[in-house]
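Next come two complexes, and both contain subunit A; in the first it sits with subunit B, in the second with subunit C.
And now, the complex of A and B:
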């Protein structure tokens, strides 16, 4: 829904208004920019303060430290001794000589793939159904969304109630109390038990974002497609889905964040060991743990950074394409 | 919430007899929704039963005793009131500051076409995408070196172990996401409104405060709910950047409950439910705003 019901009549001096062809419109924009774009000294002071503070925080607490981490990843340091440059040693060591590393990479990628290819499409599917279904929609929305507001640490705890080997609900429901499955302890299946709950939480998120996007789609678009004889599925993929691009970008962003930052839930379950290794856990273990191998931990963090850079690049492409559109 | 055309469309749809497809969809939705609630009801159920009973019968069994003893125990034993207050001291300023800064930056980027706005948008949003562990060490080191006066940070007199530091890192991270969502949203606000305000002699501040902010309220409400849940649920920063146990926010304090009574999961269930309550309440209060507020400018196509 458009936030503004009607645009109040505005006295615009000479500008020839009304939607024109794109070329004319962009020319208008340029002219307006010249007219509106002047900033008084007071404006500049306000901008300096209200843009300056968040920008400073962003640079000082995110970009600066990220660069510093890259620097530290080429050193050996325990936080107290002299910082000793070691070139690429940390990286070589991690890749060739650190047993939990490759499992962690694999788990992170499985995690991302599961969220992106299973949980996200299911959330979209639910949103499409809810968008058509008017009765009980508040109930459905609430049921699907409730897990989202829970902290992952709490979800990690719920995991134990459900998947505990001896008195968890899963074994009781499946009738495997005599020959119980160790859902969280068995390293060949515990990742999937955790992903089931992570997905449970992620679906609600995605559902809500897409539902918000679908509510905003102009219904006349769908009607026009229906008149042209398009089926429901066809209408959705050809007409509705393309208009959801801003939501798609946000969902992608959230999926990647959740996939690569995942930490709390495995940490709450077993500190991220025995089949639940993740890169974020390895970073924390090395930096915060007793060993305090800061250079080493930073190198793992940089590897995590490199993986996320790929997705950030996708996002950047989207932003620039939006600009051209 | 829906436009007039939409309501009319549904009116005609409802007059038709319910198709078999619709029945299938409805059953499917009910089954999935109830399935979704089970993992939530399980801890609720467990928290009402004594440990001895669930240990003997399992969590999936009929109750013999039901009471609220664990809630009392968690509230007192976990010292939850203090930790709830700590969380509010962090989450409320952090959410308000994030929304304030993000909406102003989004306004500059989206409606004032600030030179270099695109670069800013990328800087903020890409920063939000970085994994937190990447900045962990340098931020920790910086915080343990930066002094604060005693009345701002006691007893450390450092940014480390102070709420100021936690709030700052939350604002830094969350502003990125909010700038992105809000600039999307503000793209739907007609630029003519700003122009009219400029003609009336309004400066940047008044354009933002009197024109943009009231129009962005639905988006701010929705984002506020989301951000509150995120910051409230934060676990990592408080654990890494705080050391005084009594100053920890409530999610991290939940861990203390586990450390002390490490086997009693039913107590932990009661604690978890108490901890989750505020975010649930915020969601129920703002639910109506939520869906309409997250429109995200999708109608632009």
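And now, the complex of A and C:
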């Protein structure tokens, strides 16, 4: 399109120092002051209050329920009668005697892989394109970002308007009225119909985050790279992309969260059954509904927790390792 | 289940809040804003959790307020039940909760601070909560109202301990619905037997109709087909003991149900798992499909001329020994919670709800059901309602519905996925039955 790198307008304010980690000097400075200083009772009261209240809330609202779930996962309980400990029975049953379980795990992983390997890179791609100040940039930005304001439950309802076998827009546009495709009912394709819509929403979100990041990249870096003889692609991957690290971290976290917490869209479409099973749906099916298999559902929740913890651990290890380097 | 949208983290919002922090005055306004937000959030969150729990303190003495936990949340039934309660002569406070939410939270609702009476379903679903001690025995109410009800109705209101816990209000039979004009035009005859039924379906297909409308996106409609084939082929008693977990799902009789069902599948509307019952009903209304097995509420999708054109026939006979004896007719009604505050008032209200007067008043506003009381006035019934009364009164046995006749955990976590997988890949019946049986064993053992 435009082979010459565009020069940003002169009145652009210099890129602010992002909310990145504090510099080493300021950290040392703070540490020294803390070691020397003494706390007045007032300080202690304030710190106690400011730390204690969030800590209590954290314990009561996050760790309490999490530990309770783990405890309940070794029991059988219908929510009314006594809680019976059953050891590992629930887990054994889930992996060996619950047909929707393995499909749910597989769907969660496909979901994650699709968001991570397709939707997120595509969002980055759009951001790079839009960052080049092409014509109608603002229009495109708005168009791509618009789906983000819709909740996934709403997207689920839209999905039914588009993908309904008999009355949907997709089959009408494709001219498949004689032998319509059952987009949402055929378990071999409905996951992909849903992922298309999830991606539609995710791309806009990722695009906006990267766009904000790209705007903050110091243009002199690109100029310097160009002077050193780097091509467009090299400049992007060797110079620009590494400076986007804070944004990359945020996007990665968002992608993993979106992949694991996926629930509302499939629940809106068909309550997460018949090809759209997800772990979160199985937890809800067993605990929230009339079924009230609380111990069993908790065990599925613990499995989801373990998977999430795996991703969080990998992520934290990465972050700390890079910080130390 | 609404996830907070992550939009508040957008750069625009961050920049805005930074700006606010710069000015002291604005910081104050932000604080006020946050306080206001928290207050609003609290105010919004409270009614959701508590509407079902709030109780008037005056409920102690007889004649005071009676609270009623209602799942009549759709517009037509909600208005109808409000009129019925207003005419009761008692001070009734109705707490309406969304139908599905009510059902999903029933366990917690009944253990926390339930209303005096609550709407519920007959069958195992009623017996289950009665057995858990969450409902009040109303055998004495039945001594005064019993004369108005058939023995089948009384049986459907009785818990596993032989006492009554339930007052039936209305019911809606399941049958095969069709449009009279289509049958007249093409000269179709009402099929009496399974072979007639299949022959009729084959004829419809050559006439360019999709013979049997089918929808199972919501998971429960296909249960009706399973129930009917099972009761016609194996009888009502087998249905009951199968639902109670006493029979093996690997029994040849169960496999026979699936293989009979498989004979119908070529005539079914394809893609059932992606279709809602409303869409299937519309296809019947538009004369694209010829027949549809569903409850009487299918009538909600028909208006005016089409409604008058709607008719039904009972599910055809399969085994001669069982004829067309059983009818699937789920009953909705009321129960008293175990934590009732105003017991006398609640019982009085139940006696009123069992009366012909209350049931007539309700059906006047919501005519897609039939009254349970024998003395209810049937003169105002439309042709379908009259036929439904005939169907049910001629029935030797009345079943509820798969998900009302068995444990809720078994119905929702095992049967729904199993029937959906049967509809999308009907070949492996042995494997399917084996998977159902092994899950059934663990669930019924718990």
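Note that in this section the second predicted complex is superposed on the first by the 266 of 325 C-alpha atoms of A that agree within 3 Å, B and C clash if a C-alpha of one lies under 4 Å from a C-alpha of the other, contacts with A are read in each partner's own complex, and residues count from 1 in each chain.
Please note the rule applied: a residue touches a chain if its C-beta (ideal position, glycine included) is under 8 Å from a C-beta of that chain, and two chains touch if they have at least 3 such contacts.
It should be emphasised that the depicted structure is a prediction, and the values quoted were computed from it without experimental measurement.
J.: Could you look at A:261 and tell me whether it touches subunit B, subunit C, both or neither (first, second, both, neither)?
T.: The answer is both, since A:261 touches subunit B and subunit C.
J.: Applying the document's definition of touch, where does A:289 land relative to subunit B and subunit C: first, second, both, or neither?
T.: A:289: touches subunit C, not subunit B.
J.: First (subunit B), second (subunit C), both or neither: which does A:228 touch?
T.: After superposing on A, A:228 lies clear of both subunit B and subunit C.
J.: With the two complexes superposed on chain A, say which partner A:54 touches: subunit B (first), subunit C (second), both, or neither.
T.: It touches subunit B, and subunit C stays clear.
J.: Using the touch criterion from the header, give the chain among subunit B and subunit C with more contacted residues in subunit A.
T.: Between subunit B and subunit C, B touches the greater number of residues in subunit A.
J.: Regarding the shared-chain residue A:153, is it in contact with subunit B (first), subunit C (second), both, or neither?
T.: Both partners, subunit B and subunit C.
J.: Touching A:169, do we find subunit B (first), subunit C (second), both, or neither?
T.: A:169: touches subunit B, not subunit C.
J.: Would you check which partner chain A:142 touches, where first means subunit B only, second means subunit C only, and both and neither mean what they say?
T.: In the superposed model, A:142 contacts subunit B only, not subunit C.
J.: Based on the superposed arrangement, let me know which partner A:208 touches: subunit B (first), subunit C (second), both, or neither?
T.: both
J.: From the superposed pair, tell me which subunit A residues show up as contacts to subunit B and also as contacts to subunit C.
T.: On subunit A, the residues that contact subunit B in one structure and subunit C in the other are 79, 148-149, 151-153, 164, 166-167, 208, 212, 261, 263-264, 267, 284, 288.
J.: Could you pull out which subunit A residues touch subunit C in their complex?
T.: Subunit A reaches subunit C through residues 76, 78-81, 84, 89, 93, 97-100, 148-149, 151-153, 164-167, 180, 182-187, 190, 205, 208, 212, 254, 261, 263-264, 267, 270-271, 273-274, 284-286, 288-293.
J.: Help me check something: in the complex, which residues belonging to subunit A touch subunit B?
T.: Touch list, subunit A to subunit B: 1-4, 7-8, 10-12, 32-33, 35-37, 39-40, 42-43, 46-47, 50-51, 53-55, 57-58, 60-66, 68-69, 72, 79, 126, 129-130, 132-136, 138-154, 157-158, 160-162, 164, 166-169, 171-173, 177, 197, 200, 204, 208-209, 211-213, 215-220, 223, 242-247, 250, 253, 256-257, 260-261, 263-264, 267-268, 279-280, 283-284, 287-288, 294, 297-298, 301-302, 304-305, 308, 311-312, 315-316, 319-320, 323.
J.: Could you please specify the touching residues of subunit C with respect to subunit A in the complex?
T.: 1-3, 5-7, 10-11, 103-104, 106-108, 111, 125, 132, 134, 217-219, 270-275, 279, 283, 408-409, 412-413, 416-418, 420-421, 424, 435, 438-439, 442-443, 446
J.: Which of the residues in subunit B come into contact with subunit A in the complex?
T.: Those residues of subunit B that touch subunit A are 1-3, 5-6, 9-10, 14, 25-26, 28-29, 32-34, 36-37, 39-40, 42-43, 46, 54-55, 57-61, 101-102, 104-105, 108, 112-114, 118, 120-142, 168-169, 171-173, 175-177, 180-181, 184-185, 188-196, 198-199, 203-205, 215-216, 218-219, 222, 229, 232-233, 235-236, 240, 251, 254-255, 265, 268-269, 272, 275-276, 279-280, 282-284, 287, 290-301.
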